[in-house]
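There are two complexes below, and they share chain A, which is joined by chain B in the first and by chain C in the second.
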Partner chain A sequence: MSNLLKEKLQVINMGIPAFSDALKQQGIATTQLDWRPPAAIPLETREYISSQSKTIEQANQQAVQKLLAATPHWVGMGRALDKIPGMKSNLILHSGPPISWQRMCGPMQGGVIAALIYEGMAQTADQAHALASSGEIEFAPCHHHGTVGPMAGIVSASMPVFVVKNESGANCSYATMNEGLGKVLRYGAYDSEVIERLKWMERELYPALQAAIEHLGKIDLKSIIAQALHMGDEVHNRNRAATSLLYRHLAPAVIESCSDRGLAAQALNFINGNDHFFLNLSMAACKASLDSAGNTAGSSLVTVMARNGVEFGVQLAGCGDQWFVGKAPLPDALFFPGFSKEDANPDIGDSSITETCGLGGFAIAASPAIVQFVGGKSRDAIDYTLQMYEITIAENSIYQIPALDFRGTPTGIDVAKVVEKSILPFIDTGVAHKEAGVGQVGAGVLSAPMEPFLKAYQGLAEHIKTE
Partner chain B sequence: MSNLLKEKLQVINMGIPAFSDALKQQGIATTQLDWRPPAAIPLETREYISSQSKTIEQANQQAVQKLLAATPHWVGMGRALDKIPGMKSNLILHSGPPISWQRMCGPMQGGVIAALIYEGMAQTADQAHALASSGEIEFAPCHHHGTVGPMAGIVSASMPVFVVKNESGANCSYATMNEGLGKVLRYGAYDSEVIERLKWMERELYPALQAAIEHLGKIDLKSIIAQALHMGDEVHNRNRAATSLLYRHLAPAVIESCSDRGLAAQALNFINGNDHFFLNLSMAACKASLDSAGNTAGSSLVTVMARNGVEFGVQLAGCGDQWFVGKAPLPDALFFPGFSKEDANPDIGDSSITETCGLGGFAIAASPAIVQFVGGKSRDAIDYTLQMYEITIAENSIYQIPALDFRGTPTGIDVAKVVEKSILPFIDTGVAHKEAGVGQVGAGVLSAPMEPFLKAYQGLAEHIKTE
Partner chain C sequence: MVVDGLVRESEYFDSVTLMMLARQFNLPDKGLEVALVMATKENLAILERASMLIDKFSGRGDSDLLIVVMGKTDKMVATTLEKISLALDQKRKTSGAVGGGLEYQPKSLESGLSVMPAANLLLISVAGRYAVMEAYDALAHGLNVMLFSDNISIADEIKLKQEAKKRNLYLMGPDCGTAIIGGVPLAFANQVSSGSVGIVAASGTGLQEVSSLISNGGGGISHAIGTGGRDLKVEVGGITFLQGLQELIDDPQTKVIVLISKPAASEVLAKVVKLLEPSLKPVVALFQGADLNALPFNSDGCVQIASDLEDCAKLALAALDLTDGELFSEDKFDPAPMVEKMSCDQKYLRALFSGGTFCSESQLLIGKDLAPLFSNTPVGASSTISDPWQSTQHILLDLGDDQFTDGRPHPMIDFSIRNQRIIDEACDPQTAVVLLDLVLGYGANPDPLSELLPVINQAQQAAKKVGSYLAIICSVTGTDQDPQKRQQVVAALIAAGVVVAPSNARATLQAAAIITMLNKREGGE
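For the complex of A and B:
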């Protein structure tokens, strides 16, 4: 003890980093051990998963290779009723895990109201509300129909959708066209401006883009995403480069296939005015990629993370279509003037499919502008991405991060690593007002909640036992 | 001395870093002093410049504020003969400082041959060669006519040029349209493929773009450059984002102003096929910005760095149109298959106007892909940019580098800092074959040579003395 006070201190700290920070400030050589207590799971489950680790690892390699090999292309467009498998005229799709009309959050109810007015099934919000409550309208998650939607994720029968095909696996995914920012359906707004924009998109934008993609045959989304990561996008909250690259492909085709010059210019101006236009295609590309890895017995690979504004749901490759849900968290956000965290709805939307595919928050080192947006530094963006390598199975050699010397993005979340290391997926997100009809109030970042991953971990153990 | 051998060593090394590297490898705490001997200049000149430092600093602040305040816009197009001040039908402009036909390097002579065939003044390379040697053709630097050209920088009377206006200062600059990669005039190629492409550009692309820019009125190049730096470009060797953003502005205007749909699509496809299309506009934007800072008595600000493939020339704000020249260096490059450094022409082109304006190699931290291209790491790219802050006067708050937490680019080279610190400007560049008619053989990076900066430093002293 007397020696301890004489010698130069060299400290290893385990646990709360504030201790080592204080020592460092006094010039004492201090190493902070990167350790945190494991999540609360029964020892029995942990030991069982551990005993199955070889089987799980093999299944994970099989699943992640399919994910990495996926080659999503935009191949066509059509009306939801004609294209989406199982779509019906009285069915409305929504983001996240299953939820009844009664339990839906404000922005999702707002989106449903917008859809019912858009479909001509209601004239006013009150009528739409009554119809939605009547039992005549059915609701289902987008994910049950190979579809993904940002924020409220509402898809109704007449809406035009992109068709995205994984040409390595022949599976398809679907998404509506992005409406832009401001008052829009996906953030729960439903006034006449919202409905008129959607009608213009159906009447004018959709035929122009449909003709263009028919003219081109297909557009390689994987290539666009790969390039966009070299250009400051993480293709979730930032899509400026991907939208620009898509636009470069589209413009000559729109001109050649659309005989109405005014309409062609309008269609291109609409896309030029919306840096998020690529988002829905990015999401559909991720969905088509992850679906190819689904239904791999024994795999702890996360194939879906999706939020309905009330609950955060997770699906695993090894657990079929089973949902594991927990309470959706509130994002840390930069709020638009006049709004604060009190106005914010809990996390909502299928857009976390990008993180599930190794993009978005997982690739945020490629997009420091997003972290700066919430007061962070470019070093923070790098650290967030580096941490995601801890909970993923592979690195995507096509999707690369310039600031990490073009290292592949951390890809394929392993629920076992999430639970055993207590490191949660990092997600970029937009923030909706909690009341129907208002719209977007901010944008930010958050960590996924632990609850659905804990349940998924236990669910996987049960699935393996019964197989 | 006996104590020295007992105590733990702590070393400061000055000079050759290999000494400190060796000590570090043995675990000895070593600090490498960032110092190098000053360049070889007479003590008298050094003392005189030092005695004038207050005047010089004031002049520099005045000059750099004009540079930072410049707002370059693309405002129109026209034929070189009609737009470029002092242009004549028997005048050919070239890159870099003045040079006679006889002293021109291979690729520049190749570019002149291409221009004479393009103008119909010669039918064959031999005829062009004879005409160029005859004395009937005059030659002058682009920079003498407010113009900039990449590589050989050849501009002849019929060539269409962009007109770029600095709307803060009302001065204009000019540049031809970028031809793309492969066999092109600017790299000294002159076969029929080159001439036909130039003729198509004059006949079809130029009227389409001229109509589009008239329709739009103007395009803000400063805004595009600022965004492109957030998207992986340094707008010299990488222009993919800037070209994409320009294209987004242009496409709807091309459609609305061009009644021939086939031609409109062809024009856009040409731009879409050439990620370097923005380069010439980037250079003209830099030229218009720097010209506003020119002719500031007493200023040591570098307003031009330009190479003619034989000599590297520098101009200063405080020395009017006087050139200070030295031998042009050979770039470190990645060579195309079949070529090596032996095939390379020394550094050539006006494109180092981008570095002079704080972009290109000065902003390379925004564009790690370029450093990777020659085997470097993203950390090297950051270090190159950080070093350029040592020799510049200001930071450009509009042009920012994401990886440096959106710090402004190092802007406004101070010749006194270059000479006194022995830190040379870092430049990105393309590499031309040394013989006429071949074309591009690689791309790379290099440091400017010291000689022109030493001469400029002494020239400044003489200018101040005589003013």
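For the complex of A and C:
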């Protein structure tokens, strides 16, 4: 027989709040749920997924253990053509899921134009435009090549890239160096100022950093991220602490390995002047960690969330390289003076790899400095992070949030939880102008759209059925 | 007419909250109509019928909240939309979700359990189509379930109850409005005294009436287990009913057992009889509408069969030797002074119930004597009313039935439909008696007097205008410990000229006594 009548009543109330108010008045332990209906999934799919829950659970544990065990290190640098697997001189990588030149949004086309001019394949924007639409240039997502790029995410053959190695899984990831804020390629700007900066980075910054990292051997990125979370970063929209920590590693090494004092000073000043310098390393660290969890049959763990400015794409550990896409939403942002939502491009960039790894918006409770993006109260930031625990599989063993008594960050998004609980991943983001060449117009937050997760949920069911 | 609306994506509120909010902004007199609904297929269809489905609602789904306002001017519509948005923001804040500055509210059972790992009951009142999955989940986590939600198929009910039984858990419901566990009232229930009467009931309102009457009569309740209205059907086989009964038989605190049900399948009754055989505890059973001679209980056994809810409470009190309460004193109601004041046109009873069980009980009590009698939920000798919005002859209406609640909260919470109907009946010169029920307790309207008293006054004036004297009789279900305090409510109603009866059965018989006397007067003239 049930023990209900013999035990002390402890009630969870799902629905009408007045019922829990009445119980609380009587001194009965009661938890009110802020329940919401699940996303619109066919009942048979949900029943199938729940019938497979043991298999999925096992696969998820396997996948998330790899994710938690990942130890990303910055180990070297090189030219994209030499380092990125499958890179070709006529290949341009972009952020998000696959997209043709014709369908690309303004800022991504702008980034492509910048890259073609930078590579010397075109002299003017018009020439670049003609070349891009000629069919001679191939386009592919960064994610198809172990690479991640913020915003437009453009990577071309001669760009220098960081090499980040997950030493526990022996897989590598790649990312370009961050150019700073303002008019920059990743936001689709392509005027001479942009190209000159990129050239300087290739000519002077790259050799200085390459020498420094060779001198050091490697830098433990996981350790920097863990410390930065204790110092107010969530390593997506705020990288000030992580950049500072990186700088402490780099400065002596640059001085020791660079014979030209002027060059060393310029390189260090560039990093010092760019609070987001660490972002691309944070992204590469997340990518290397998540890739180690990829290709786990039956797992509903999300390994990629990425946007190309038109579509929002998701990949699952249990669905190989298959993309599940939906329309990219417009971010809810704080705009720079003179700009408004009218100017904003739909969400763009691979930087949501940080959220996929349990950082960024998922760790916003660690970053009180940027709570103005979420309503201005640190309580709001905490609530957003708490909400993300509802859709994740594990709590990180290394990355912690001081404001939550050093609870591990919510790590490993479970697509089944997203869909069944109707709780969407929460993402920090920068906002690009919708037209090519203008650049960044704001920063803010948004919830991922439901559509790609719904498709991924159904895709997972099909994968399990055929396996 | 101007129609405009807003979509709040991925935002959910339960339908009661939304309907109460919509009601707050509805101003039908000023031509302003407001709807706040989740974008389910059903709700979209409702909006379409009301010409309130606008273009921006296309493609919206179950988890999107729609706000739509229809009014005379653009400005009126725009300001109302703005006010509603603000009110919704406020609700979010006070409900402790994001921005609330209060404790984080878990969004799912899974995280609710991480906050309260020793939880032993999940109370579900979300829409039926979601409730089934959530109930399974709760059972799988070892939780008992009280399923307040309705619109759940009998096939799902059977599966859920079998699953619960397998796990030694309770599945109370679906459509289970009331339960009292260890003296704690759940959902729509009254604050009754703790005591030694255990109840198993397939009727929520019936359970409220009997438990309140027992408490008011000096007794108390150990546990009251609600089973949902279909549990005793042959398909379900009384799974929850039998579980509850067995447990009350074994429960040392329970000295008297009360069973409340609609007519039960004979196979199920046979199981009930078998369970009761070895028990020595006195049992009082009400099988509303059943053929008493066909019930398989011996008159010499320990089972006493009650004729109505009041009788049920009386027999239980008698078994505890508590026979000096109000129920045991003679009914001193005298219809004559009222009948004298009535016009010769006044003939009919108009009963407007918020409790479905009361509507059936009254029909069964007086159906034969007052025939022909019409109802939207006919039982016994009654016939189906042709137009439930139009009264002719003797009418007994269940205003909690779907045709009246479409898009509105239950009439125990939202009095608006019944209030209007009371006025309509008062304006009909043929109306002699308006019979009402008033259910107090948790979940019910927290301030019934502020809404009911003005309407009663208006009805009396309206009757006067058409040359009538209107008798208003009302039963009040509840206790003095309820948030509304029964004694205060009763005193105020009496002061307003209402005849207040301790039970629905008695109120019904008093109403019938007036009609009978009116009939005699007619016959005598």
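Just so it is clear, the second predicted complex is superposed on the first by the 431 of 467 C-alpha atoms of A that agree within 3 Å, B and C clash if a C-alpha of one lies under 4 Å from a C-alpha of the other, contacts with A are read in each partner's own complex, and residues count from 1 in each chain.
In this section, a contact is a pair of C-beta atoms (placed from the backbone, for glycine too) under 8 Å apart; a residue touches a chain by one contact, two chains touch by 3 or more.
Since the structure is predicted, the reported quantities are computational estimates derived from the model, not experimental observations.
A.B. asks: For A:Ser422 in the superposed arrangement: first (chain B), second (chain C), both or neither?
C.D. replies: The second partner, chain C, only.
A.B. asks: Applying the document's definition of touch, where does A:Ala40 land relative to chain B and chain C: first, second, both, or neither?
C.D. replies: Once the two structures are laid over each other on A, A:Ala40 reaches chain C alone.
A.B. asks: State whether A:Pro252 touches chain B only (first), chain C only (second), both chains, or neither.
C.D. replies: first
A.B. asks: Of chain B and chain C, which one touches more of chain A's residues?
C.D. replies: It is C that touches the greater number of chain A residues.
A.B. asks: In the superposed arrangement, does A:Ala22 touch chain B (first), chain C (second), both or neither?
C.D. replies: Only chain C; A:Ala22 stays clear of chain B.
A.B. asks: Just chain B (first), just chain C (second), both, or neither: which does A:Pro402 touch?
C.D. replies: A:Pro402 contacts chain B only, not chain C.
A.B. asks: Quick check on the superposed pair: does A:Gln372 touch chain B, chain C, both, or neither? Answer first, second, both or neither.
C.D. replies: first
A.B. asks: Output check: A:Ile12 vs chain B and chain C. Expected answer is one of first, second, both, neither. What do you get?
C.D. replies: second
A.B. asks: A:Asn272 in the overlay: touching chain B, chain C, both, or neither? Say first, second, both or neither.
C.D. replies: After superposition on chain A, A:Asn272 lies in contact with chain B alone.
A.B. asks: Which parts of chain A are touched by chain B and by chain C alike?
C.D. replies: 377
A.B. asks: What residues on chain A touch chain C, complex-wise?
C.D. replies: Chain A residues touching chain C: 1-5, 7-20, 22-23, 26, 28-29, 31-40, 46, 375, 377, 379-380, 382-384, 386-387, 389-390, 417, 421-424, 447, 450.
A.B. asks: What does chain B use to touch chain A in their complex?
C.D. replies: Contact set of chain B toward chain A: 227, 230-233, 240-241, 244-245, 247-249, 251-256, 259, 261-262, 264-266, 268-269, 272, 368-369, 372, 377-378, 402-406.
A.B. asks: What residues of chain C sit close enough to touch chain A in their complex?
C.D. replies: 10-12, 14, 16-17, 38, 61-63, 95-101, 104-113, 115-116, 118-127, 130, 133-134, 143-144, 148-149, 168-170, 181-182, 184-187, 191, 223, 243, 246-247, 250-251, 442-443, 483
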